[in-house]
């Protein structure tokens, strides 16, 4: 009986102590981890979209409420003036969701470009949506009538990867819809 | 009295009757069966084909000799099996393959595919396919039979099917495919010559009919199922049989002695499995032609299929069940 | 002091984890695409292994024998989660590369193996020396394997271009099958080297397992045989 009690006590103590340690470490690192995730997952996509900005979009991010839930908006500024915004939307791909960072200019109704954040598509086929040949079709594209060429638009799908191409386009259109609902609030948010 | 020069009676241990079949004769027969396809490859692709085949064969023989020397084993190159492996590997390559790719691939066939498992008869996978898989993964750009042969006006049927859909291949005539008017590996597309070679092997009883029949049957049946599901999206079964390396795989790659099962039922199942896999890979995979990978996958099932075996006379001595029960 | 050095150094060659003990093969095969990945994984293992040996050795008198495995696992798991969080916070690119394999350190046989076989029976200092030695041996092996695969597979070493344009990268080497082939060839080379060493000392070469009548004994156990 005594042995039994000792077993239980020791095991619970060890588990409790390790739980305490983990909670402390997590507390201490959580803020930094969030920062790192945004820098390394969303950051490269932002760099693909925008050039010539002087702020840190990840650091200046703000969350906006939209009908579809909160969206984190990354602002791009030059000399203190807001020049564009970007945020992430998801489209259905062949191997899971494709995360697409869509950038808009503040001055007009044009896309600045897109960048891919996460994807699990087939290498050599669907994964080619990250290649500049496909992405650059969205650069300075009008926000109206974004569609694949087979649906009457002017975006050339990647041959053999219709699902991935469609998913990306759907994500971009989703972003356009969100952008239209928040467009007016943007200048106030970053004071320019 | 002196001994007569030719003895009247010879005293020896059995067996007393020999059929004259030796390993070397056997391998040479395979070589003869491959010869028509090799000749047709040279006619179709010119001296480039000759260059690739000669280099591949020479490297294979040298690699086997080097491996034997390194492992301090008896030299085995005189059974010509390395020569056949080299030729089979060359049959899978495009005529434009650079020399280093041919040399590395052919050496890998022998080194990684065969000698590392103890030489002829020990390989669990078909040696030419091991080398092919290594090259296909490493240098996809050089192994692409379509992209490296742009100056040729032959149509690449499987690439067209993969990238442009079934409409693009509907104009291809089965008879011209049969005569080898298509783009692919050197020898794998000389369908009529390979069929002649395969018939020769069957007649000489070097291969049993089970594996080729199972392979072709499995391929046609699977292709037919897809065709019936949606004729607009999937190519007809005959196209799948005649395009690419299906015939080559059925008669020459899948029948590799040590990597295919022994009995007739296992061999039949093995063939069906490989044939069905070809279509599955052609339909869903990212590679245009699924034959080599399909056969490699089927090779992996060989030990399992080999457990289907007849009961010994006076049995059952079920050694294997006891082993499982432990 | 000499025993301390003995425990430390055995992990470097005599009991080199992946090649001599053939333990912890999951990360050895999976994360050695590049030398940097192998090195990073090795560092994480050094940290976890040394600390888990330390803790297990400290607690060896307290832990009841019947629940020792559970205790070892709890200790190793907590350390691994710590490493994962720290890696996320301070070396995120490495974390992206190693991904799922960091949590898998928990079930890495080396951690549990050293805790059970060594740390639970030996004093603290020796255990830490053992953990450090094993961890460093593991790191060296992983970095070595990663270097070979990266060099042949991409022509680079630690991300630097080493081989020039004439070299066509053997992409096979950075894919999964390349890991198996590379490890197999390395193990064969290690065995050949060990046998060569033994021969120079006049000893008999180590033979692989032989399957003959002497080692089998199937018929002896069969009833009625």
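Letters are used for the chains, namely A, B and C, taken in the order the chains are written, and counting of residues starts over at 1 for each.
Keep this in mind: a residue touches a chain if its C-beta (ideal position, glycine included) is under 8 Å from a C-beta of that chain, and two chains touch if they have at least 3 such contacts.
Nothing here was measured: the structure is a model prediction, and the numbers come from that model.
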*Select the category (line, ring, star, complete, other) that matches the graph of chains linked by touching.*
complete
_For this structure, which two chains share the highest number of contact pairs?_
A-C
*Approximate Å spacing (C-alpha centroids) for the pair subunit B, subunit C*: 39
*Distance from the CA centroid of subunit A to that of subunit B, rounded to the nearest Å?*
48
*With chain centres taken as the means of their Cα atoms, state the distance from subunit A to subunit C in Å.*
37
_Parts of subunit B lying in touch with subunit A, wherever the complex brings them together_ = 162-163, 286
*What residues on subunit C touch subunit A, complex-wise?*
59, 62-64, 66-67, 70-71, 74-75, 77-78, 81-82, 85-86, 88-90, 92-93, 96
*asked:* Residue numbers of subunit A touching subunit C in their complex, please.
replied: 3, 6-7, 10-11, 14-15, 18-19, 21-22, 25-26, 29, 32-33, 36-37, 39-40
*Would you mind writing out the residues of subunit C in touch with subunit B in their complex?*
168-173, 175, 177, 181, 218
*Complex interface listing, subunit A residues touching subunit B*: 122-125, 159-160
